[in-house]
Amino acid sequence: MESVKRIEIIIDANELREVCRVLEALEVSGYSVIRDVTGRGDRGVQSGDDLTDVFKNSLVLTACPAGSVAEIVDAIRPLLRAHGGICLVSDAQWVIH
Amino acid sequence: MESVKRIEIIIDANELREVCRVLEALEVSGYSVIRDVTGRGDRGVQSGDDLTDVFKNSLVLTACPAGSVAEIVDAIRPLLRAHGGICLVSDAQWVIH
Amino acid sequence: MESVKRIEIIIDANELREVCRVLEALEVSGYSVIRDVTGRGDRGVQSGDDLTDVFKNSLVLTACPAGSVAEIVDAIRPLLRAHGGICLVSDAQWVIH
Amino acid sequence: MDAALLLANLANPPVLFFFLGMLAVWMRSDLEIPQPIPKALAIYLLFAIGFKGGVELHKSGFDTQVITVLGAALLAAAVVPVWIFFLLRRRLGVPNAAAIAATYGSVSAVTFIAATSLLTHLGVAFSGWMVAAMALMESPAIVIGVVLARRFGDGQGSSIEWSELLREAFFNGSVFVLMGSLVIGAITGESGEKSLAPFTSGIFKGVLCLFLLDMGLVSARRLAASREIGLYHVSFAVLAPLAHAALGIALSALLGLSAGDALLFTILCASASYIAVPAAMRFAIPQASPGVYVPMALALTFPFNVLIGLPIYLAIINRLWN
Amino acid sequence: MDAALLLANLANPPVLFFFLGMLAVWMRSDLEIPQPIPKALAIYLLFAIGFKGGVELHKSGFDTQVITVLGAALLAAAVVPVWIFFLLRRRLGVPNAAAIAATYGSVSAVTFIAATSLLTHLGVAFSGWMVAAMALMESPAIVIGVVLARRFGDGQGSSIEWSELLREAFFNGSVFVLMGSLVIGAITGESGEKSLAPFTSGIFKGVLCLFLLDMGLVSARRLAASREIGLYHVSFAVLAPLAHAALGIALSALLGLSAGDALLFTILCASASYIAVPAAMRFAIPQASPGVYVPMALALTFPFNVLIGLPIYLAIINRLWN
Amino acid sequence: MDAALLLANLANPPVLFFFLGMLAVWMRSDLEIPQPIPKALAIYLLFAIGFKGGVELHKSGFDTQVITVLGAALLAAAVVPVWIFFLLRRRLGVPNAAAIAATYGSVSAVTFIAATSLLTHLGVAFSGWMVAAMALMESPAIVIGVVLARRFGDGQGSSIEWSELLREAFFNGSVFVLMGSLVIGAITGESGEKSLAPFTSGIFKGVLCLFLLDMGLVSARRLAASREIGLYHVSFAVLAPLAHAALGIALSALLGLSAGDALLFTILCASASYIAVPAAMRFAIPQASPGVYVPMALALTFPFNVLIGLPIYLAIINRLWN
């Protein structure tokens, strides 16, 4: 198994496209998305019950080498600043296959 | 980036409201919810296929300072005891924006 | 709280049954499933928008004692090799109730 | 002639689709109707049946028969859970006994709908306002079950407040949609009926088929997964509806109901709830095991009533009424 | 007679179900119509109304009245956001003022549908091609709102490209379905109409009831959750539709529209968008707070128009037209 | 006259909505029909077409023509995958060749439905029981494809058991719903038909429009995303249906089918499966790349058949039959 960083981004569902575009631009090896995430934060309740996705979040998970965390985080930060959301980085072991 | 604790709670979907109420009472900075989670545990299979949410779980994720883990866990434990489910606590770095 | 390992498996939705069968065979104490996960990886985009689940992933999360990680990983690896996907292992504290 | 009834029931498309669903599980097909589609179908069915019932209520008005039937319905909904509780508490313990009491004291809207579908299929007349009786019978058993659990239980879980419980019992989603549609139907009457007919009546039976297909899938899965169900539970799940059907038929005779209404009243007594009640029990009596009371109602009593019970009850009613 | 109109509106099933939804939230019922069912119902409604509108357009053709009405619609959609912006910018700041301007300059398809449903309910004739006016009024206000935010804003968020914005405005999902169905309806005409009628017309009102039930749930929730809404916002959300209705009625009179068409044109002016616009604002004016402009349109102006506004506007029109 | 056919096909609402869906992707609209709605629509379509086919079978009974047609259908479903496999294996390798063989040997229910919709649109008669032929042609190619992959493959993946495979082939969700509804339709016959007609026939075309709107979205997305598709694949995806259509027309002539039935039989041969087969291939031939065989069937062959193929085949049939 190989040590990697596990980056978890929870952001407004309307920004999902943008986050993916950013990650692809940085040529991450891959990412996973959970589209329907609700929650609560500084910007109030995201109940996910409206017709547009204005009150819904999405979660993006990407595992990457420790080295590329910095550039990913720097690329995501402006989105978080503009639209809210959180980004968590943690350690993990990647099962090589 | 700032060190935080990542608390993951998987519990009966019918208790979701209650868990959120508890977290809000403790004034956490925020939390995220994945409403539809299935699974298996001591209480058998939660297949998520019935009309009521009796056989469905939900996942609540909250990132908080290490200091407040204890009180959150203590507040959640009785719910886990009564209705089952799990609560995992892990380390993470929060990207400040 | 008790130290455990947090195993996260993201795999083709059609293999979900198989992964669960494997985990049950190894008698894990339990597992959680998020059925609808999209993403991108070596095998291209999994957009989750088709009628079959051929382009959809699922996420399986299981918390287990450090001791049983090896056998679980060994049992999952062939599935990852054949059908793609990832498996991440991280540390966590399990709240005993 | 009774065998004919049994076959007629089995030849009714909704019943066939219910069976098809069970077959899919037995043959290990990967067929599924993904959530939340079944939830949406259930809301539609409650909406349609409630609305149509309300319109009928609008037409008939609250005459004495309506009122006496509603009274009898409340009576049945109050008596059944009590006797079940005392029957089962020794064997299954207070929490499970109370939960099962609530489950069997309440009603299954889908079974009721299946009964109306059978009657329509056979061209037997019935009163649309019987839906009001169903609406009234959903909630009382929940409250009674919880009261019994409190009174005879070890006092655990008594933390929950009454307001919460009453809301769960009387305002839970399914009861609310049914009641609300009933009232709206009663307000709008014929005019509303005409404009909604293609939706509430035209496609109704077709939607019911799809919904029962899913019910077949789910109940067969539940049966396969239920590890806590023993012979005792199985026999109760089959005998209880028969006993309650007898009660229902007796009351129907006393009330002088028509054959059609008698079947509906009977099925209300004989059916068990797996929608409104489990959610309430899970929260009000957490010590009770959903792995016991849900499979009993959903995987045993429901199929029994839909496949065999309905024609049997109707056959008996036909015998007695003529 | 006007009171009669008000009651007639409240006795229309869709309105009653909208109210039922709000009631469910106020009584703290756990009733919900799970996503993506409401999204699917919305797509259906846009599909059906667009298609039927296109068929009507096919029948009427683009005669001078149609064209003048479409022109007037565009005019209203262009003027309204501008004056709102300058009205609100001091009090609410440029971003929120611009977002609210776009919201109220655009239209609410569901309110429009509720208006047609009321007219049908009352047997008042109207032109199906008015849908085309609605389609035209959805997007311009979005662009104007963003332009104003740029021109008078602190230059933040100006990073976003125009192509993106125009796509959001003119090709977003709901506009696209409505426009596309309109064109397809116009292409296929009567033949298409006949084959789709049971779907686009037969079950339409029933689906509308379910959809408005959800709208009631959501708007009541929004109102309860909105912490950024003050008296100022509330009064604007009630006065704006009245002011815009006056504008709409005036233009309708000038255009010599029939009473039915006048109501539709009026409601287009008086309604505010909570589907097409918020998504666009969220991305084009991120500094604006969705917690302000969405509840205003969805939880205040929408219920006001559906419950009270429609009958009032129609009463006034009736007075003036006769 | 043939150009007229082409236009008639393009003026059919379902085809227009399919095109609208593709247009939405090309114009980069964010329109989407969120899952599981499309899955539910697919289940509805299979349910309705299966049920109606069963009813027709009930009416016609298994006369010699029905049986010979079903035999011919099985023959086609068995021959096609074999020749495709040997045609492609050198160029694409055993796994992909086998997967494509299974894909094109099986059928596309939606293409079949589009064909029936075109015939209805043109008022050309056809036999409802042709659905039975479709149901029979879904599974065999899957088994044959896997057998070929085993026989000529490097023996990898041969771990999977036959029971699993056969279940995937014959009991997968879509086949099961189609077959089950067919049988139920055959059992209930006219009586069932009457009670379900508003659901299975009335709203059918409308639902088909919404479903094809989604199909348009998905197939255009697939085409845009497919990086493994080369000129070779494209030409195969267009030439294969033409070749198989020729086979279908020849067999139809031999069997002396009516023009309508001939088109249906032809489209069964010419269409490729993107529902039943991919799931089975993914599990039985994991070395094959879904990024190749799915886009070929879904994003190339399906649109080709629906937009151009159907009218061409029908034009040829008209020429030959008269």
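So that you can tell them apart, the chains are marked A, B, C, D, E and F in the order they are listed, and the count of residues begins at 1 in each.
One rule holds for everything that comes next: a contact is a pair of C-beta atoms (placed from the backbone, for glycine too) under 8 Å apart; a residue touches a chain by one contact, two chains touch by 3 or more.
Because the structure is a prediction, the values reported are computed rather than measured.
Asker: Listed by label, which chains are in contact with chain A and with chain E?
Answerer: Of all the chains present, none is in contact with both chain A and chain E.
Asker: Would you kindly count the fewest steps from chain D to chain F, each step being a jump to a chain that touches the current one?
Answerer: Counted as steps through touching chains, the separation is 1.
Asker: Quick one: which chain's Cα centre is the longest way from chain E's?
Answerer: Ranked by distance of C-alpha centres from chain E, the top chain is C.
Asker: Which integer distance in Å separates the CA centroid of chain D from that of chain E?
Answerer: 40
Asker: Could you grab the centroid distance between chain B and chain D? Build each centroid from C-alpha atoms only and quote it in angstrom.
Answerer: The mean C-alpha positions of chain B and chain D differ by 34 Å.
Asker: Using mean CA coordinates as chain centres, what's the gap between chain B and chain F in Å?
Answerer: So the centre of chain B lies 45 Å away from the centre of chain F.
Asker: Send over the residues of chain A in touch with two or more other chains.
Answerer: Residues 34, 36, 48, 90-91 of chain A each touch two or more of the other chains.
Asker: At least two other chains touched by the same residue of chain D: list those residues.
Answerer: Chain D, residues with two or more chain partners: 32, 35-36, 39, 198, 202-203, 279.
Asker: Throw together a list of every chain pair that touches.
Answerer: According to the stated criterion, the contacting chain pairs are A-B, A-C, A-E, B-C, B-D, C-F, D-E, D-F, E-F.
Asker: So in the complex, which bits of chain D are touching chain E?
Answerer: Contact set of chain D toward chain E: 35-36, 39-40, 43-44, 47, 51, 167-168, 171-173, 176-177, 180-181, 184, 187-188, 192, 195-196, 198-200, 202-203, 279.
Asker: With touch defined as at the start, can you tell me which chain B residues reach chain C in the complex?
Answerer: So the residues of chain B in touch with chain C come to 8, 10, 34, 36-42, 48, 57, 59, 73, 76-77, 80-81, 86-91.
Asker: What residues of chain F sit close enough to touch chain E in their complex?
Answerer: Counting only chain F, the residues touching chain E are 11-13, 16-17, 20, 23-24, 27-37, 120-121, 198, 202-203, 205-207, 209-210, 213.
Asker: Which residues of chain C touch chain F in the complex?
Answerer: 12, 14-15, 36, 43-45, 47-55, 82-83
Asker: Contact residues on chain C for chain B in the complex?
Answerer: 1, 4, 6, 20, 24, 29-36, 61, 63, 90-95, 97
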